[in-house]
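By letter and in written order, the chains are A, B, C and D; residue numbering begins at 1 in each of them.
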Amino acid sequence: MTVKVQREDFDVGAELAAMTRGRTSIGGVTLFVGLVRDMAGGAEVSAMTLEHYPGMTEKQLEAIEAEARARWPLDDALIIHRYGRLEPGDQIVLVATASAHRDAAFDSCHFLIDWLKTKAPFWKLEATPEGERWVEAKGSDDDAAARWAKES
Amino acid sequence: MTVKVQREDFDVGAELAAMTRGRTSIGGVTLFVGLVRDMAGGAEVSAMTLEHYPGMTEKQLEAIEAEARARWPLDDALIIHRYGRLEPGDQIVLVATASAHRDAAFDSCHFLIDWLKTKAPFWKLEATPEGERWVEAKGSDDDAAARWAKES
Amino acid sequence: MKVLYFAWLRSKIGVATETFDPPAEVTDVGTLVEWLKTRSPKHADALANSKVVKVAVNQEHVAYDHPVSAGDEVALFPPVTGG
Amino acid sequence: MKVLYFAWLRSKIGVATETFDPPAEVTDVGTLVEWLKTRSPKHADALANSKVVKVAVNQEHVAYDHPVSAGDEVALFPPVTGG
């Protein structure tokens, strides 16, 4: 189980190989790789800068990963999230979940990325032709995370 | 849009890079990598051999990929499926779907792998301590594919 | 006509491919399978239970009432087990 | 007490971190934010709408009635926008 918050890019093939090497109980790995799109909210985005709260970010990512492990039978889980300046086409985030059961791998990966896209302590500064602007939190993303809420 | 049915292993990182290189409209890529597990149906499996129907397999995989493209807004889709002798820990299948929208990437990838695991024209010969045996089709996998049936 | 067998059908019959000119009574998949059963005891055994013998003609899944003709590629195989 | 500002709170206030001994009337997050507003017009402007000012004490999200004391690390930030 690994969480990395880093400025550097990551190598999806190498991370997958490290997760699966020598392990024969894993039936499948679901991965999601998030990329910077050149369009956001209708305006052209030439770059964005992700700011975060070092220390708290890692704590929160570790907590949500632990929740995923508690809810699904996972052999392994990995979250890598970048911060700093990113350009269109750049990789932002990798989530990988490994399980004997592919539904568990899919659902836990989807759960984690929905959380990361809405609740992870990052703030986005977008560079547009009209200058820089801080992105505001979106309701539609909250809906995506809310679907995973457990009935109590 | 690519379908490959091959004996050789594949490089997930290289395939992902080829899919996303120079493209800035993709918000995310969902990937599923299927691996050979050492346990199947309770018995120890030391190896398995996937047989297929060359020609028909590719046709069917291309048809299901076209269906995924029709049902979800995808920038790209890739299926690589191996055949021949595979050992525990080996990669069997890669599905990757790229979209501006992560739900579309998740759902289409899940749809494709459920289909591949149940309907793709492959037959499994497992090597166990008691000898080789042809695997029979499973009802639980059919249920997984059935969930994607469209209401007419 | 070219007939291909896969998986345990191939193992049981002992050949992967047969090429022949079918007799006149073979007009569809059903009559083809019945005629194939007469070719050897192995054929008869492998094809005994048609519920587990699926058929493709020219690489398309078909039912037993699908017509077949001399130039077709006919494949017989068990239910697929997926990848 | 160490106070950190993130995103547009930091841009508006013009500093990322402040360290000070808070006065006696600062007992919880709410009284801390009120006192911070008195430090400069930029603070007052940035912190004007408490609905969009989230707070963490010692790296845990808290409500405005959460107590604060001299040794705490308090972070003020807009709603997160995710990764």
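One rule holds for everything that comes next: a residue touches a chain if its C-beta (ideal position, glycine included) is under 8 Å from a C-beta of that chain, and two chains touch if they have at least 3 such contacts.
Just so it is clear, the structure is predicted and the values come from calculations on it, not from any experiment.
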Legend entry - Shortest walk length in steps over touching chains, subunit A through to subunit C: 2
Inset, instruction - Touching both subunit B and subunit D: give me those chains, sorted by label. - result: A
Inset, instruction - Please identify which chain has its centre, taken as the mean of its CA atoms, farthest from the centre of subunit B. - result: D
Inset, instruction - Starting from the mean Cα coordinates of subunit A and subunit B, work out the distance between those two points in Å. - result: 23
Legend entry - Rounded Å distance, subunit B centre to subunit C centre (Cα mean): 27
Legend entry - Gap in Å, rounded to a whole number, between the CA centres of subunit D and subunit C: 76
Legend entry - For subunit C, residues contacting two or more additional chains: none
Legend entry - Shared-contact residues (touching 2 or more other chains) in subunit B: 34, 117
Inset, instruction - Could you please write down every pair of chains that are in touch? - result: A-B, A-D, B-C
Legend entry - Of all residues in subunit D, those that touch subunit A in their complex: 4, 6-8, 11, 56, 59, 75, 77-83
Legend entry - Footprint of subunit C on subunit B - complex, ascending: 34, 50-51, 53, 55-56, 59, 81, 92-93, 116-125, 134-138, 141
Inset, instruction - State the interface residues of subunit A toward subunit B in the complex, per the touch definition above. - result: 11-14, 16, 20-39, 88-89, 100, 102-103, 105-106, 109-110, 113-114, 117, 144
